[in-house]
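See the structures that follow.
In what comes next, chain A is part of two complexes: it sits with chain B in the first one and with chain C in the second one.
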Partner chain A sequence: MGRPRYGGVLRVEMHEALTNLDPDEWPANGMESAKEKLIPLIFERLVRLDENNRPQPALAISWQHDSKNKRWRFRLRLDVKFHDGSPITADIAATALRASAANWKLSTQGDTLAIDSDTPMPDLLFDLAQASHSIYLRGSDQKVYGTGPFQLTGWDPGKRAVLAANEQYWAGRSFLDGLSIVMGRPLAEQMLDLELGKADFIEVWPNELRRLPKETKTWSSSAHILIALAFERGRPASEDARLREALALSIDRAAMHNWLLQKQGETTAALLPQKLSGYAFLFSAKADLKKSRQLVSKPGQPASLNLAYDGFDPFSRSVADRIVVNAREAGIAVNVSSRPLNSDIRLLRLPIRTPIPESALASLLASLRLTDDAPIPDTSSIEAAYAAEYAALSSYRVIPLFHIPEIFGSSPRLKTWMTTGIDQFGDWRFDDMWLDMEKP
Partner chain B sequence: MSFRTRLLVMILLAVSITAGLVTWIAVVRMRIAYEALDNQRTAASVAQFRQEFQRRGEDVVRRVEGIAKAESIMRLAITSNRPDADLSQYVDEAGSLAAINSLDFLELIDADGAIISSAQWPARFGYKAEWIISPVDWNNERYFLKSEELKDGIVLALAAVRAVNAGDRTLYIAGGCRLGKEFLSSLVLQPGIRVLLYPNLTQQFSPQAFIADSELPEPEKLKPLAEQVMAAANEASQTISWPDGPETFHAIPLPGRGKNLLGMFLVGSSRRELVKIISNIRFIGIAAAAIGILFGVVLSYWVSRQVTMPVRELVQGARRVALGEWSATVRASSKDELGELAGAFNTMTRQLIDQRDRLVQAERVAAWRELARRLAHELKNPLFPLQITIENLQRAKNQAPEQFEEVFRESTEALLTQLANLKTIVGRFSDFAKMPQPQLESVDLNELIRTTVRLFDAQFRIQGRPVIQAVLNLDAGIDRIQADPEQLRRALQNLLLNAIDAMPQGGSLTLCTQKEPGTTRLEISDTGQGLTSEECSRLFTPYYTTKQHGTGLGLAIVQSVISDHGARISVESEPGFGTTFRIIFSS
Partner chain C sequence: MTNLARVTQNSILICAALLLLAFPQRMFAADPYTEAARELTAKIMASIGPLEDIGFTLKSTASLSEREVAAARQAIESALRAQGLRPVGDVQSTVKINVTLSENFQQNIWIAEIRRDQTYSVVMTTQPRLPEAQSKEAALRMTLQAKPIYEQNDPILDVELLGDQLLVLDPRRLSLYRRQNDHWELERSAPLKFSIPFSRDIRGRLFDSGGTIQVHIPGLSCNGTIKPSLDLNCAQDDAPWPIGLGSMNPTFVKNYFVLENLPPFFSAASVEDDGTDLLAISGIDGRTYLYDKGAGQVGMLNGFGSDITAIDAGCETPRQIFASLLTDPLEHGILQAFQILHRKAVSTSSTIEFPGPITALWPVSSQNAAIAVSRDLKTGRYAAFYLSISCSR
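So, the complex of A and B:
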């Protein structure tokens, strides 16, 4: 590995098309994957997680909390400036956090920011590491400025974002001069652009790995994306528990893992990955076609199910098609469509962005809308989380299929210095990457 | 039906039957010719289908063989020999190979029958295609028809399989082309011909399964034909009636490898042209018939006019003769049968006039003779006593002058009596001859009857004769009638006198009046000796009498009076049961 070099603009392509980066539209859950990746490049949080999921100082250089985890004190880094040149203050940070976490009691004193709550907040540091709790400054011109390694210099909504290196970045200027991010680019065209040298960094779906040119460098996160089937509530077919179970038992996850995922990630029948929860193995992911057929052959069985998938995601399409084949073997007719209207089932792709299992499960359950008409299950302990997950899965309203990683491909010119380039949740660490300009 | 009408009907029938016959013959000949042509067109289409089927099948075989020889397939076959082979990397291989080789279907299948890669249904990787591992030398097999299961249903395919042997294991390449609308569109068809495919892929007939190169609005009409072919697996034909005309379908079964029937090919030959031609022929036939009928009407009118005019003149002449115009004649303008008939008619009328004149003459002579006979008979009776009396006077003057005075007195009394008789006789004849016209006035018939009957009371009770009982049964409700009371009384008196004469042994004389709708009826019945039917029929004839001393004018006068009053008289009688005279007056 050679020494890193400064310079060069990294050409990034992504299939999602963002229309804005306004902090007012940073939801705590369900933020678009692309936004999760772009925000950390421009904005920073008080705390970040390292590769071992340990909180590390970011805009906060130190913190303290009381014994009950109800009162936290953060001391801010003082030499940090926003992209407009304004220095960061505790008041600015408190204003930003107030917008993203209304239930926190925020107060400041000098360079110290206090967060108080009536309930214990043992995982506050992990929460603060979420992109939704990024610190920003809304200037008098109503523009939003961050403190991240890159600053936004060009924005064509839904099409292109241009970022330049933050020369004043407190952790040192990035090696790259800037980023040119093309949005709304289909995956097949991203691959073609990479091959033709028109892009440096692209998204890759697991089933497309085999098609990548041999010289392509791949970057992979941990298997933090849950692929699952979720039955819609209120649909006649969805309300048939026997049919839901029959469909769950008909799915041959292993074949899909081998053939479609190219053995990337893992099959699962649980919401949380085994690595995160430790109990995922208790949920059987094996297909039982015989039992599935028995369930289907009973009277009163609806003839068919409508399955909706993300039309922009060819991997989802492949999984949906395979489920059609598996279900047909069991005697269930499944129609697939990229339109969610009138669908009985949706094929979901749910990112898990916290290393805390209880929080991750709560976030997933909220995303799956399993708790609309029931009390929010207790996930405060791992035992409670298991009970909540078992209860959620026993009705077969959600059928977990896989936990898969996020994979990116790049030209071999792209190199990293101190980090892996992509963290465990798939976030881009372009501040640590550099382009080897000498190689073609 | 008149002669003219009959002639017209005959001509119309002749024209219509001729036109219909000609049209029918033309239609039958046209139909036979069209059937032959249709069979040729259908056979040509079927032959073209078979040729195209074979061409495409051989093309599929060539392409599958080409894929089997490709380097990537050889690599895959070698890889599949490895015990730890990861074949998942080939999951998309079939798709690209199929696209390159223009195949609709392509599956790469390992020696166990597991699908490594499927172009038509990529998600079927890992599933078993067990049919392919049957003991068949695939490399010597030709193309075959196959049902191909896709995500959205089952379709027909022209398929071929080739096996690639690498080491101990075999890799199968199963490829094919879809047998669908594109295939049908490639057939060059003659006008009026269309082709259909019916994939027999479900247990029951499915109208939606038809594949057609043009719109098929009511496919369920083909159900009987499809079911017939499916049941017998033989070719069959059927004519279907569409809204725009009939169409004959010829169905050819399409078996698969196992000889099971996978579908059928149908050639539809439209009979719309035939129907159109037949329609035109019929139109021409009808038009010709119409023109012929029109011409026939004119011709028949002219002919019938020529023929029937003399006949009509004859009819009119006959009617004039019937009305009494015996001098009627007709024109005999032609020298044919009708001219002879007209001449005969004229001769007949002339002869009728001659005969009538002769008859009148004869009747007149006869009448005079009868009158003379009657006069002689009537006058002879008084004359003979006159002659005797005068001879007695002469004899008494010559032979017994002393008794002459007495004889003279007796003789003159007798002469006066006989002369009175002569005068009466002459008066009666004179009365009959001088019957005056009735002077009508409103008359109460019942009162007239009563006064008349009252005059005869003495005669009903003549001493020494059996009594005649007069019974008046008069309806008080009758209307007054318009009549000449004197003439009517005279007629009534004649009838009463006849009745009295008919009952020398006495009896009952009944006079009855009755009001009837629009008429007034008078009946005079006696219980006398009665009359025979012949006597009844001649009763009103002048000078006819059944009595010893009658003139035969009484009832003639009665009938004359009744007739002059616009009434009718009739008689009913039966020998031994009396006689009834019935007079009907109009109200």
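So, the complex of A and C:
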């Protein structure tokens, strides 16, 4: 492999249509996974996680904490500038973090930022590595500026984002000159565009892997996306515990894993992947059609369930169709629709973005709104997390199905230099990628 | 799901567990397995109370070797016996305990599923682990130390500590210093004359083999002695360089090495993985590969920079790799110690940050330490560090 060449604009397509790239605005349900990918290209955090989930210096060059993990001190990297040319200061970093974490006590002294808390924060570095804790400068024009490897030069909400290489990037200018990102592009059209040479980098769903052109290069994250069914609260069918359990027991995850997922990722009956929690194997993912039928055969069962899936996502449609078949074998009629109105169940795709199992579980429970009428359960230790996850799943209001990786396809001329290009949580490392063009 | 029950969190049971933990434990040695086994057994006892025979199975879903699983099994069975239980395998018994040795990114997790009549409960113990595959050996933390020994304005290519004397190789000369109180005093220098132009990334190697010293810089090889005085005889050639790979001495080209049947590499280290000798090479493509003796690629190590070397740390551990981590050339250099486990690198020490990028990393001739050279980003000077590692639990 030759050394990397500079130049070229990478054409990226995605199915999500983002309406803003403000690092201060995040949807409460954590459903905008594409934003989590774009934000780190423009904005940086104090700390980043390496491939082994070890916190590494980013905008903070070093840190210290007391023995109780209540007092943390971060020394900022010197000579870093925002995209508008303003130098980063500890005060600016503190302002950004105040907006994202109101419960932290933030103070500054020189180039040092202090974060204090009344309670221990042993996982603070992992929290700070999240995109939601990006450091930004809000200019007097209300525009937000980052320090990342790319800067936003064009923005058409929901349609297109244009990014240019940050020539002054402290970690070295990206090999690419820029990125042109088309949003709201259906997956089938993305694949066609890749085939026709109109796109360089697209999203690929596991069930589409077989259809990729032969020369396509694929990039994959770890299996950090939870695919699950979630029952809507308050719907008569959803409130029938026997029906919920019957549906859960009817689903043949293994067959779907073989055929739809092309054996990508893993089947699961747990919210957290085994690699993250270490205890997921305690939740059985085996179908039990006999028991399912017994539960359904009781009198007074509603005739059918309405299942809603993401209409942009053909993989969701395929999974929903298989659930219809499985449920029918148990005597449950399931109607599928891409419209969530009047649905009893939703087929969800939830990203897990932290290597800390307790934090990941708390985030999932909040996203799934399993804790609406109860305080967030104790997830402070792995044993407590298991107890909380068991409690959450025992009602069958959520039925985990799979943990799948994020997969991307690219033209073979897209290469990476010192990193894997896509990290374990599916984040794009476009700053380390380069285009192998015929003429340098 | 109905056969699952909540984890026992009853405070009375916790008190019972604590009481059990307070029992005299003369049978338990102070190693991680017996400690974990004792804790798990205490939790099991809190759930089932006194019994004699128990059905007992153990499996591992963790990245542990067979030897480690066997050691864990022995530790748990011993701990159970110490509490008056007789683990008798998966047989007909009132109580069945299935232990799974599991793990996640951060922790080793030992999980006991306890089935008694129609009840089912789960207890767990956890131990911290390193981010990658973890084992008993990897739990043995190393302390990596970098002691500054010398600095100068010219690039330092290599140094060799010889008691109270120090040899410093730079692109223009080999210098011999003698320690005088808290500083090094120059005794003598031998100029190095070679005809090929300097590379922007010049490298050099200094090797002491029992009184005879070898010097290698691109296009020039020298042999000499330091006693009674520094004396060096050089010839312009491309003789292979000794870089700590035993009898395998690669040839230096431009700024990298070539060795038969291997891709070109910036640096290499002899390592072992569960008794198997392997070669780790930092390829010029930016990736670090593992090769077996037959020069077949058997793995790839992520996150390493261009410089690696290995040393014998002692303390019953495999050879330790010192590796520079991937950083930008304008960042501070970072070094960390690793060992190879199941074809992956497992960190065994915390990182050490240097004042600038690491420009050289070589094993010392005795193979139990290494030399790192870093260019200070603020001063522009080059500093040599003596790297050693000590074992600690």
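Everything below uses one rule, namely that the second predicted complex is superposed on the first by the 433 of 440 C-alpha atoms of A that agree within 3 Å, B and C clash if a C-alpha of one lies under 4 Å from a C-alpha of the other, contacts with A are read in each partner's own complex, and residues count from 1 in each chain.
In the analysis below, a contact is a pair of C-beta atoms (placed from the backbone, for glycine too) under 8 Å apart; a residue touches a chain by one contact, two chains touch by 3 or more.
Since we're looking at a predicted model, the values are computed, not measured.
*Asks:* Check chain A with both chain B and chain C modelled on it and let me know: fit or clash.
*Replies:* fit
*Asks:* Taking the superposition as given, does A:Thr218 touch the first partner, chain B, the second, chain C, both, or neither?
*Replies:* A:Thr218: touches no partner chain.
*Asks:* On chain A, which partner touches more residues: chain B or chain C?
*Replies:* C
*Asks:* Touch check for A:Thr19: first (chain B), second (chain C), both, or neither?
*Replies:* neither
*Asks:* Is A:Ser86 in contact with chain B, with chain C, with both, or with neither (first, second, both, neither)?
*Replies:* neither
*Asks:* According to the stated criteria, A:Thr153 is in contact with first (chain B), second (chain C), both, or neither; which is it?
*Replies:* After superposition on chain A, A:Thr153 lies in contact with neither partner.
*Asks:* Rounded to the nearest angstrom, what is the minimum C-alpha distance from chain B to chain C in the superposition?
*Replies:* In this superposition, no C-alpha atom of chain B lies closer than 26 Å to one of chain C.
*Asks:* Determine where on chain A the residues touched by chain B overlap those touched by chain C, and list them.
*Replies:* Touching chain B and chain C on chain A: no residues.
*Asks:* Help me check something: in the complex, which residues belonging to chain A touch chain B?
*Replies:* It is residues 210-211, 252, 255, 258-260, 262-263, 318, 321-322, 324-325 of chain A that touch chain B.
*Asks:* Quick check: in the complex, which residue numbers of chain A touch chain C?
*Replies:* 1, 50-54, 61-62, 170-172, 245, 248, 274-279, 281-284, 355-357, 381-383, 386-387, 390-391, 393-394, 396, 417-420
*Asks:* Write out the stretch or stretches of chain C touching chain A in their complex.
*Replies:* Residues of chain C touching chain A: 1, 4, 6-7, 9, 61, 100, 102-107, 109, 111, 113, 122-124, 126, 130-132, 285-286, 302-303, 326, 328-332, 347, 353.
*Asks:* Which of the residues in chain B end up touching chain A in this complex?
*Replies:* 86, 88-89, 91-92, 121-127, 151
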